[in-house]
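One chain, chain A, appears in both complexes that follow, with chain B as partner in the first and chain C in the second.
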Partner chain A sequence: MKRMIGQRAAASFLALLGLVVLVFFLSRLTGDPAALYLPIDASQEMLENFREIHGLNDPLLVQFGNYVTDLLRLDFGESIRKARPAIDVVLEAFVWTLQLALITMALVTVTAVVLGSLAAFRVGGLFDRLTSLISLVGASAPDFWIAIVAIVLFSVQLGWLPTSGTGSVWHWVLPVAVLFVRPFGLILQVVRGSMISALTSAYVKTARAKGVRNRPIIFVHTLRNAMLPVITVIGDQAAAMLNGAVIVETIFGFPGVGKLMIDSILQRDFNVILASIVVTALAIFIMNLLIDMAYAVLDPRIRY
Partner chain B sequence: MTDHLLEVQDLSVQFHSAAGTVNAVNGVSWHLDRGETLAILGESGSGKSVSASAIMNLIDTPPGEITQGRILFEGRDLLTASAEERREINGCRIAMIFQDPLSHFNPVYTVGWQIMETLTAHGRPKEEARSRALELLHRVGIPEPKAAMDRYPHQFSGGQRQRLMIAMALGLQPDILIADEPTTALDVTVQAEVLALLEELQQQTGMGLLLITHNLGVVAETADRVVVMEGGRIVERGTAREVYHNPRHPYTCKLIAAAPGKGEMRDSALSGEPLLRLEKVSKSYGTFTALKGASFDLRAGETLAIVGESGSGKSTLAKTLLRLEEPSGGRALWEGEDLFAKTPRQMARVRRQLQMVFQDPTQSLNPRMSVFDLISEAWVIHSEILPRAQWRDRVLQLLSQVGLQPEHAARYPHQFSGGQRQRIAIARALALEPKLIVCDEAVSALDVSIQAQVMDLLAKLREELGIAFIFIAHDLPVVRDFADHVIVMKNGKIVEQGTVRVIFDNPREPYTQRLLAAGLDPDPDVQAARREAREALERRAPMQEPA
Partner chain C sequence: MKPNHLLIGALLASASFGPAIAQENKNVTVVLAEETDLVEPCMATRSNIGRVVLQNISETLTELDVRDGGGGIKPRLAESWEQVDDNTWRFHLRRGVTFSDGSSFDAEDVKHSFARAMSDQISCEIARYYSGMDITPAIVDEHTIDFTAEPAQPIMPLLMSLLTIVPSETPVEFTREPIGTGPYTLAEWNPGQNIRLERRDDYWGDTPEVSGATYLFRQDPAVRAAMVETDEADIAPSVSAIEADDPELDHSYPNSETLYLRLDHAMAPLDDRRVRLAINHAIDREAFVGSLLPEGTELATAIVPPTTQGWNAELTPPAYDPEKARALLEEAAAEGVPVDREITLVGRTGNYPNVTEVMETLHFMLSDVGFNVDLQMYEVAEFENLYSKPYPENRNPQLVAAMHDNARGDAVFSMYFKYHSEGRQSGIADARVDELIAQATAATGEERAKLWSELFGYLHDDVVADALLFHMVGFARVNERLDWEPTIATNSQLQLADIAFE
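Coming up: the complex of A and B.
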């Protein structure tokens, strides 16, 4: 297990390095921040001064060298826009995204697994057809549309929930609910399919021949076996959410890392772009590691 | 009105599918009493397992439907009982064990937990379940029962897993044990041990044993009475002796005639330069040596059988000499040239002379290729053999050679039965006009009557084409009827080799003697004598089961 973690960490470090190189140079292609931050009639001197302060006058390779040396000291540089350390800006936003992703994925996992398992037990039954329909709609409806409809209905028409922002528990309801829909539909389908094939396994026959009741057959015998492919999809969906739910965050004015990334690209806030890439990449690496460990916990035949 | 412990009366089960309705069993009746063993004998598709599934409420409805009949357990009809009543009977009063215990154990729970579950599912407290499970593990002969409780199914050998399965079934001392092909996947020596264990437990507990099998030898060894099934109907019934010695139905006669091991043994008088000479061939995987210095000669047209239990290295030997696995040492001289020294390009040229037929034709035939494509692919690779214009005729010729019809060329593997698929695999091997065909358990997965047909085909090809065979098998009677020479392997080593007559009539090595003694003869009287011989051997030196 330790060896597996070491190997993954080494591979991820290389990938991260490649990502930093790519993003560093690509972001420089978007243009000169000075033109964006200074007034349109700023003098040549002012422009030079701005570039000097932010280290934009050096040749590109020197800038890159400086950036990497700073990075090794865990210094991600300053945000041009906020005049604060870029990493602080990113971590602040990332905490919001992390909470949003964790809450949503926890709800998705529990509901999709329970409903999917029950649907699989009576394939073609009313409950199965109902959940299949709901999950199909959920997996295929665009989230911006759901978000807007939800705001119109619950905030504007009924006035039950705030339209956007943060502050109270109620502010979380709509973003979580909208983010919930698509992964719920997808994971429910995977759980159902995986459970259907697991329920035809020989060991289920054995359990029935032993006189085991239906509920433990579903939730003890079959579910643990059926979870392996499900976990892969859960990880995949969680990774997408950790990258920031750009659309949902934008619509609900939610200060997460997705919104921050888009803003930083538009504002040519290079250090913030890079810092958010590094932070989310690390988060995804850790999550993939957790998923591999979950495999080993669920299935004793898997050993690293 | 009935005195029997379990009685199936006029049972009919249908399965509905898009392709139509299949009558799996049709008006089947039989009964089982305390302390006796009833065998249901039949080939695949005969419906032999269906009545057992009906007893255990394991038939899914739909697609299954029980259209008529009664299943009386102690006089009470199970088919009209509630689901909860039947659940209470399952595992507690009637228990079942299956073929292939690996897939019938849940892979993610410990065996201790799974054995205990038989008791806890019926409301017994956990502590009682634990001590009973330990006792059972001890009883069925699992070494270190305490440690075994916390291990997972994949950590045991095939024979041990079947013992564990038996332990799991016996948790609550059921009145009836149903065993569905309990020894089919096991080596002969392990098969004999498992059957002996079942019998011993039956004598102690007085349970009724229902044994479902395709193997006449298993019937001869264990059954008091037997019913023979074909196409969902019972065609013959009686005591095991009566049925074997005086079969009345043609199907029973055919089954008994098809059982291998009764023909003349071959006396080969081949001499001259060997076609293939193996010198101290070895193969290691990491620190594990799967093959330890194997040497033998094979002459053109000769049939060499390699026998041994699973894990003895017989398949490794075949794969290594064909360089499907890279050898770790030794030489394999094919017509005087070392196969192991050849470059991949040179090897590809030689390969057409060395062909292989595998155990499972369902897996060895690409399901997306038609029979024509499967057979003619050989000529795509070795284009020098046959110009494209003649492919069609040659494929048809090969098909008729292996007993298939011309119209089969356009069909796909799934449209054939298991025996027909193996014929296709043989035709594919013949397409390259090989001098040697390696058959790795090529008839093991087939029903006895089909097996006999395929063996006849191989013998015919041997006579007509002079092909040499390396015939890997665990089924000794088949080897006895087919081989010229026999190699006996154990733990990666050749322990004995000789002509088929020497090996079968005068085996020197105790291992070979045990292997032969463990084989089951379809004749109940012969089997009874053989059993005494085996027990005598056991008393001299108890057999250790490989871990």
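Coming up: the complex of A and C.
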């Protein structure tokens, strides 16, 4: 296991390095932060001065050298836009995204696994057809639409929930609910499919022959075996969410890392772009590692 | 108590949100489209910062009056001013004014504020209004200061409406704790979430009605509109025309933006006046108003809004006349002008609501009279490369659709950049234009207005410099408990002291 973690860490470090190099040069090729930061009628003098202050006049390779040297000291540089350390800006936002992702994925996993297992038990039954319909709608409805409709219905019409923002537990309900819909639909389908094949296997027949009841068959015997593909999908979905739920963050005014990343790309706030990429890439690496370890725990046949 | 009871208890305890802000108290909540990422006073001419900081936290020596007909300059931290000689203006400062940190306001603070704004250690946005001139402040006494400019600046009192005053102790770096003389002070700032201002007890002027303000940031216009409807916010200074469907709550206002097509006079066929005129006659401006652009949008005959000194009321927008456009093109073609050369029509994504549809319609109208037009939409950074000099080599002749914002009351902030042969976004090089700009910039009063007026006429009728399109309108949604109307200044500032309660 330790060897596996070491190998993965080395591979991820290389990938991260490649990513930093790529983003560093590509972002600098596509636009001048001075022209974006300063008003459109700024004088040549102001532009020059701005570039000088932010070290944008140095040759690109020198800029890169400085950046990597600073990075080794864990200094991600200043945000041009916000005039404070880029890493502070990113970590502040990342905490919001992490909470959003954890809460949503926990809810999704529990409900999708329970409902998916029950649906698989009587294939073609009313419950199965109903959950299939819900999951299909969930997996295909665009989230910006769901978000706006939810605000109009629950905040404007019924007045039950705040439209957006942060501050109380109620502020989390709509964003989590909107984020919930798509991964729920997807994971439910995977659980169902995986359970259907597990339920037809020989050990289930043996268990039934021994007189084991339905509930232990589903939740003890088959679920553990059916979980492997499910965990892969959960990992995928969680990774997507750690990258930031841009649409949900934008509509609900949630100060997460997805919106921050998009804004910093549009503004060419290079240090924030790079810091947010490094932070989310690290988070995704750690999550993938946890998933690999979960495989080994669930299936004793898997050994690293 | 069992854990799940605890959870329910916590949920109920936190059940208070939005609506509780209304009724009794005199706090207002303002929901803005763009996050206020800095609260630095020397950046207050940027709208997302100005709406929080300008005249609320930080004040200026003078103030542009937009309410009563517009155009006038009101005293703020300066009680009066006079011109000492051609180059020097003297400002008499208000006495008994204190900053929110308790220190008193004097000429030293004004001098430091100017030096700080112009410093090359930091990139202050307000410095752009003082570029191309050499201004030296000189303290006469504690409450009097002279500003000497080279070349002479007849609009010095107007220029002082842009200089935010900070205490002389303020370091030359961006501050996160702005200290000002304004009626409010920064009480709380949670980056990305909210900013809170509180009223000062020791403000020099009249005590405003609003006791505090919370600023929230929501990018989606539908959400901003919904927040005012549900009493979660009191003012949404910009909502889209589609959302603005409630005449009780929504107010339209000229947002000081002017939309135009900049024509590339350096390249054929756009170097031919007939071709430029054909572009102007090919566009059915009226057709956009009330369809793709909101009702109330005005047809433009200058790049500055009608509230600007020297506005030329005699100019009329070119009539929609496709036949005439075709005839002009034929005439030019007959003389060897390459009218069938491909022209790039450049637009900016997300520039204003319906920008894509507006650009596609323009593309259709121009193609309809015989132009060979290719429409290209760019995001802001790439657009900027095409809009500002140096223009790319090997380009096609370009029509760049851009918006320009000037609510400052004087055309000097626009004309050099947009029309002078050295201007960074100028598409033309015309000696008469350069001369008129120089003359108007140096003139005062009636003479200045007359010269600007002449320049507007010359550009519009003689040169046919560009295709001026629209003065845009914005919509603000305002909670019924407030007595407040947006103005042309709402794009750049939102003075809490102007807000009253019903």
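Methods note: the second predicted complex is superposed on the first by the 301 of 304 C-alpha atoms of A that agree within 3 Å, B and C clash if a C-alpha of one lies under 4 Å from a C-alpha of the other, contacts with A are read in each partner's own complex, and residues count from 1 in each chain.
The rule is short, and it goes like this: contacts are C-beta pairs under 8 Å (C-beta built on N, C-alpha and C of every residue); 3 or more make two chains touch, one makes a residue touch a chain.
Worth saying up front: this structure is predicted, and the values here are computed from it rather than measured.
After superposition on chain A, the partners chain B and chain C are accommodated together without colliding. When the shared chain is aligned, no partner comes close enough to touch A:Asn288: not chain B, not chain C. After superposition on chain A, the vertex angle at the CA centre of chain A, spanning the CA centres of chain B and chain C, is 160 degrees to the nearest 10.
In the superposition on chain A, A:Ala209 contacts chain B only, with no contact to chain C. In the superposition on chain A, A:Lys82 contacts chain C only, with no contact to chain B. Applying the stated contact rule after C-alpha superposition, one finds that A:Ala35 touches chain C and leaves chain B untouched. Contacts of A:Thr111 after superposition on the shared chain: neither chain B nor chain C is touched. Shared-chain residue A:Asp299: touches chain B; no touch with chain C. In the superposed model, C is the one of chain B and chain C that contacts more residues of chain A.
Look at A:Gly165: by the touch rule set out above, it reaches chain C but stays clear of chain B.
Superposition on the common chain places the nearest Cα atoms of chain B and chain C 30 Å from each other. Listing the residues of chain C that touch chain A in their complex gives 10-11, 14-19, 35, 37-38, 40, 45-46, 120-123, 125, 127-128, 131-132, 174, 176, 191-194, 216-220, 222-223, 226-227, 229-230, 232, 379-382, 384-385, 387-388, 413, 417, 424-425.
Of all residues in chain A, only 30-32, 35-46, 49-50, 52-53, 81-84, 89, 92-93, 148, 151-152, 155-156, 159, 162-171, 250-253, 255, 259-260, 263, 266, 268 touch chain C in the complex they form. Residue ranges on chain B touching chain A, taken from their complex, read 56-58, 87-92, 95-96, 98, 100, 103-109, 117-118, 121-122, 152, 154, 165, 168. The part of chain A that touches chain B in the complex is made up of residues 201-203, 205-213, 216, 221, 224-225, 298-301.
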